[in-house]
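Labels for the chains are A, B, C, D and E, by order of writing; each one numbers its residues from 1.
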Amino acid sequence: MKKTMRLERWLPVALVAGILAVWEWQVSAGRMSALFFPAPSTIAATFARLLTTCVLPANIVATLSRVFVGLALGAIPGLILGLAMGSSSRLRAVFDPLIAALHPLPKIAVLPLIMIIFGIGETSKVVVVAIACFFPMLISTAAGVRQIHPIYFEVAENYGGRLLQVFTRVVLPGSLPLVLSGLRLALNTALLLAIAVELVSAREGLGSMIWFAWETLRTEELYATLATTAALGISFNIVVQYLTAKLVPWQVEREG
Amino acid sequence: ARGGASPTPELAHLKVVHLPYLTFAPLFIAEEEGYFAEQALEVEFVKFDRSSKAIPALVQGDVDVLGGTISLGLFNAIARDANIKIVAGKGYVTTAGCPFNGLMARRELLESGQLDEPAHLAGRRVAANPSSSSGYYVEVLLAGSSLSLDDVEIVDIMSPVKLDALEKGTVDVVYASEPWVTHILRAGHGEMWLPIQAILPGFQTGILAYGPTLLEQNSDAGRRFMVAYLKAVQQYIIEGKTERNLEILAQHTGLDLELLKEACWPTFHDDGQIDVQSMVDFQNWAVAEGLIDSAVATKMFWDPEFIEYAVQVLEVDKQ
Amino acid sequence: MRFECHNLCKVYLTRDGSVTALDGVTFAAEQEEFVCIVGPSGCGKTTLLKLIAGLLEPTVGRITFDSDAADGRLRSALVFQEHGVFPWMTVLDNVAFGLEMQGVGRQDRYARARAFIRKVGLSAFANNYPHELSVGMRQRVGIARAFVADPQVLLMDEPFGSLDAQTKLVLQEELLRIWKDNRKLVVYVTHDIEEAVLLADRVLVMSGRPGRIREEIQVPLGRPRNLSDRERPEVVEVKLRIWGMLEDEVRQGLEMPT
Amino acid sequence: MRFECHNLCKVYLTRDGSVTALDGVTFAAEQEEFVCIVGPSGCGKTTLLKLIAGLLEPTVGRITFDSDAADGRLRSALVFQEHGVFPWMTVLDNVAFGLEMQGVGRQDRYARARAFIRKVGLSAFANNYPHELSVGMRQRVGIARAFVADPQVLLMDEPFGSLDAQTKLVLQEELLRIWKDNRKLVVYVTHDIEEAVLLADRVLVMSGRPGRIREEIQVPLGRPRNLSDRERPEVVEVKLRIWGMLEDEVRQGLEMPT
Amino acid sequence: MKKTMRLERWLPVALVAGILAVWEWQVSAGRMSALFFPAPSTIAATFARLLTTCVLPANIVATLSRVFVGLALGAIPGLILGLAMGSSSRLRAVFDPLIAALHPLPKIAVLPLIMIIFGIGETSKVVVVAIACFFPMLISTAAGVRQIHPIYFEVAENYGGRLLQVFTRVVLPGSLPLVLSGLRLALNTALLLAIAVELVSAREGLGSMIWFAWETLRTEELYATLATTAALGISFNIVVQYLTAKLVPWQVEREG
């Protein structure tokens, strides 16, 4: 089992490596536009340059700080309201239509309004990120609570559990696997939105780098930034997997 | 056939980048007045939210004509062997007349004399985009006072927010072009401080560019397009804010007639000429700033063949 | 502590109709009594226990309690037929759950929980999660959880159904000890008629769906009892009587389904 | 159809260590035999059945089958101790599930399922979902599902544990009928020693964790049997013998936990 | 119960009505900028005008067609891969890093690349929508499959269920509540992205209306379009709730 698992670990790496190799070859053979699809080697060189000149690290820090502040502001309320809505059909009846109405509102399109309300500084950017990651967290969490078997609520009630106790000992752990999948969605959404906001209005961050790369049509910088984003996505996933292993030790893992 | 080179030119279908801006007025007029149709052109307007975003499509031949503001991406694409060229001007900074764009400042700053000269910008908060022409304007302005962009706080915000930020005092100076100049004036919290004509007179703000489809494959259609375009430019220049032009602009920009009448309209050279020197300067600035790799030679980015042809045809027509 | 059920009816609404689980159940459970309930599968025993525990609302009728507790609050503990052991808690936390809800401190509740974990033979598994246990072991967790919570009323829904005969016997003895020493009221649902007779002061025999109390049988045995003493004539006699009653009910249910 | 278990060991890995559930289990189940397995709670009975059903891989050892089926594929059906009734299927679909997996057409499988649903007394609930059933009713769904699938080997893990004595009797009789008429091999896990003796040809007595086969006892009763005839001296004698064996195992487990 | 439920139905309506009333009052009292926060009555009038001149209906159709085509192209593969990844730890090991890398890539920022590959027409727009709604569907579905109790897989295996049978009879119904919550996320994401794409490059659709409203500073049109978006979100939610009631009749509804 261990051995085959190791194979599976390497398969995605091999896949990506293969795609990059074909890409490199196609570009060097002149069959792909080097302007829009610069050779992976060029991208790697750019990546290295951006990394060593600290351009990339500084921008990563800027984006990540927006991601995490936004996540804290959005995902925590999303979690709490999701737990509450998942547990109570009353709260669902009240909030569900509001959530449904607010969720699809285009965040970037209302960014000017948000800037008018929250000012032109960091707050607005972080608020947009928070709003965006609030929803997946809430919807996943509420679904997670609803799939908790009712018997566990009965047990808690039977032993005189009060609201808060039921929350922390039944609702939260029972929905935890789905809270974590909501967290995964929320983290990625936060990153997506942080970048989207930066594309529109920020002087630093991965999004502003992407915008800049497009404005100057330096596509190798664009790809280097996209690769950074992908790397952040992978690290987020590793964090969530680690959290899952730590926080959900009771999860039964099927093989195969 | 009016203005046609060949007697019955084949109908060509062209995709043209469309933004609902005043600087696109000649394109709207050519379409609505049937000048394109006269030239056996069927024009399909393609929307982008910024003209610079259409450059990849132009390089790929997915669109045939790009109208827009000059942008660094255009020069960089050319530097990287993309076969696209500027073929006509589309708006320049006039030295006479009303200001189409410029730096606007909070009214109280102007009235209290805190912003009498460019040097007073130091430490102020300025809304502009450092990697585009508005950043260039600010930098040129500052250079005159031996200041640089580092001496001011640059913020990049959307036009509607500039209105609100001036009111709240969260910015001091904003770059604006019409119709936002009028919006800001109407809202009453900002005034025109330095029109661009005071900073960079004659600067070529807008251009029309062709991609490989018209440069290589169907230059005949490119010529015909230019005839229609310049004909519209001339109508625009000569007639100005006539009812017909107002109607066409209202239709394509979505702005109401009142605003259109009140706003300052951009100026064009009636022969489609561009100010090559201002583009060289702009490029040199960008190279110095590290925004583009290298400046491209004039003949690489500028192809006057089409306007020369069109001017000639229109001359013949007039006679 | 005693309670009375007055004309309890419980109707469940289902997608396409309704199921009458209980129909006019009236009985009283006296102070320190050990009441057993037997009845055919699906007659509403679990429903009745959940009504008593307050986990369900009766459609008709009501239940009244005479509690001598200081706070006037009824503390009952239900051993669920389906165990209801939390998958996300270790055995220790599961067993200590009732105490945790009562606000007992961590040290104290773990100490008390461990004592009962030992009694049900799960000391080696105190830090395991339920999915690592066998079904019978999980059932024992549920039992320990109820015992340790020290409720006034102990409601047990086939608590020893998944246990082998010997373990069952040990735990039955423990149950009787707790009941006597702590002067509790126990309501105990079982399918095992012999078990009912051996444990109970009184056996309530329920009819098939919809459940009614068909008969109340006073068990003619003294205390303390020897639970291995299954062949005493009084026991056998009562057993046979109950068996007979239930037989019609069941045959009816299986041959001519409602 | 017969099978042999050779030196089966099963070790479960847990977060902090491992649990040896089975340790060197060797026995054979013969053609058309009815084998009962008894043993203390947590000794590995369920584990053993899952190994036989191929749902788990043994850590050590192997199981060999002599099948006379045409396709050489073993068709076993396990009645799960935890029922394993699908919440998203009606009773009818649940019972017909085995047939569906075999590719039996809808009409046919529903007809055959209905027959067994009637036998377990659930006709009125054929279109209900499991959450609308009592625990015993759900268990009957699991039993009907196994019966209707008509497997070569019937593996039953405390199949009647949640049923009242009378329903149990009816279903035991049905089981014996199916076993005889269809010449099946049945491996039956139970906690009820009496039940084991009354049903089985041979009773395997397991030791406490880690589970081993402690003794194999041939039941000295002829066929057909009268399942109500619990007081025959041979039955009582075997019962007492098994009881004695298990008693040490259990006392040991409860007093001195591993 | 019925009666209180009716109350809960009306509570969100009352809430929204209350907010609108305060808003109207604040604007008419001159305490709120009528430019950026036009009075609800103005917005309603604009809404009515856009509706009767068929501007709004035509744009709604344009957006919805992108939403549904994109959803079909994105959510169906997301569902299938999610079911597969949820069932198999091998597939998870292979695909999880790839998914994690691709999910946070900013769709709008790569739109120009997508246009180079798929052309500047409808295809590119729909592809972006599809990519965006692929991920929430996949992640929710996979989480939904993982929370299915292993016993149901054992039962299916025990009765000789083949891969496809296990999929249709265990994996799919077992994860259905979470598939539907994934669908809800996917639908909203599709709408969000359709609008985002239209903001950037489309001459029709709600997004282009919003962009146009900003460009011309007609904020009452902006709000009318946002209200339309909210209404679409509410209808999507109603559809998902209806589907849930139809497809998950076994779901136990706790009261309270």
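In this text, a contact is a pair of C-beta atoms (placed from the backbone, for glycine too) under 8 Å apart; a residue touches a chain by one contact, two chains touch by 3 or more.
Nothing here was measured: the structure is a model prediction, and the numbers come from that model.
Engineer: What's the overlap between the neighbours of chain B and those of chain C?
Structural biologist: Looking at chain C and chain B together, the chains touching each of them are A.
Engineer: Can you give me the shortest step count from chain A to chain D, moving only between touching chains?
Structural biologist: 2
Engineer: Using the touch rule stated at the top, which two chains are linked by the largest number of C-beta contacts?
Structural biologist: By contact count, the leading interface is A-E.
Engineer: For chain B and chain D, what's the span in angstrom between their mean Cα positions?
Structural biologist: Using C-alpha averages as centres, the distance is 83 Å.
Engineer: How many angstrom lie between the centres of chain B and chain E, each centre taken as the mean Cα position?
Structural biologist: Inter-chain centre distance comes to 38 Å.
Engineer: How many angstrom lie between the CA centroids of chain A and chain B, rounded to a whole number?
Structural biologist: 38
Engineer: Provide the C-alpha centroid distance between chain C and chain D, rounded to the nearest whole angstrom.
Structural biologist: Result: the chain centres lie 26 Å from each other.
Engineer: Which residues belonging to chain C are in contact with no fewer than two other chains?
Structural biologist: 15, 82, 129
Engineer: Do you know which chain A residues sit against two or more other chains?
Structural biologist: 33, 36, 112, 116, 214, 249, 252
Engineer: What parts of chain B, by residue number, touch at least two of the other chains?
Structural biologist: 53, 56, 60, 158, 160, 164
Engineer: What pairs of chains are touching here?
Structural biologist: Touching chain pairs, listed by label, are A-B, A-C, A-E, B-E, C-D, D-E.
Engineer: In the complex, go through chain C and note every residue touching chain D.
Structural biologist: Residues 12, 14-16, 19, 38-42, 44-46, 81-82, 118-124, 127-129, 132-137, 139-140, 158, 161-168, 170, 191-193, 243, 246-247, 249-251, 253-254, 257-258.
Engineer: Which bits of chain A are touching chain B when the two form their complex?
Structural biologist: 33-36, 111-112, 115-116, 119-120, 200-203, 212, 214-218
Engineer: Across the complex, what residues on chain C touch chain A?
Structural biologist: 50, 53-55, 73, 75-78, 80, 82, 84, 86-89, 97-98, 100-102, 129-131, 145, 149
Engineer: With touch defined as at the start, can you tell me which chain E residues reach chain A in the complex?
Structural biologist: Where chain E meets chain A, its residues are 4-5, 8-9, 11-13, 15-16, 33, 36, 87-90, 93-110, 112-113, 116, 135-136, 139-140, 142-143, 146-147, 150, 153, 177-178, 181, 184-185, 188, 191-192, 195-196, 199, 207, 210-211, 214, 222, 226, 229-234, 236-237, 241, 251-256.
Engineer: For chain B, which residues are in contact with chain E within the complex?
Structural biologist: 15, 18, 20, 45-49, 53, 56-57, 60, 62-63, 158, 160, 163-164, 179, 183, 187, 253-255
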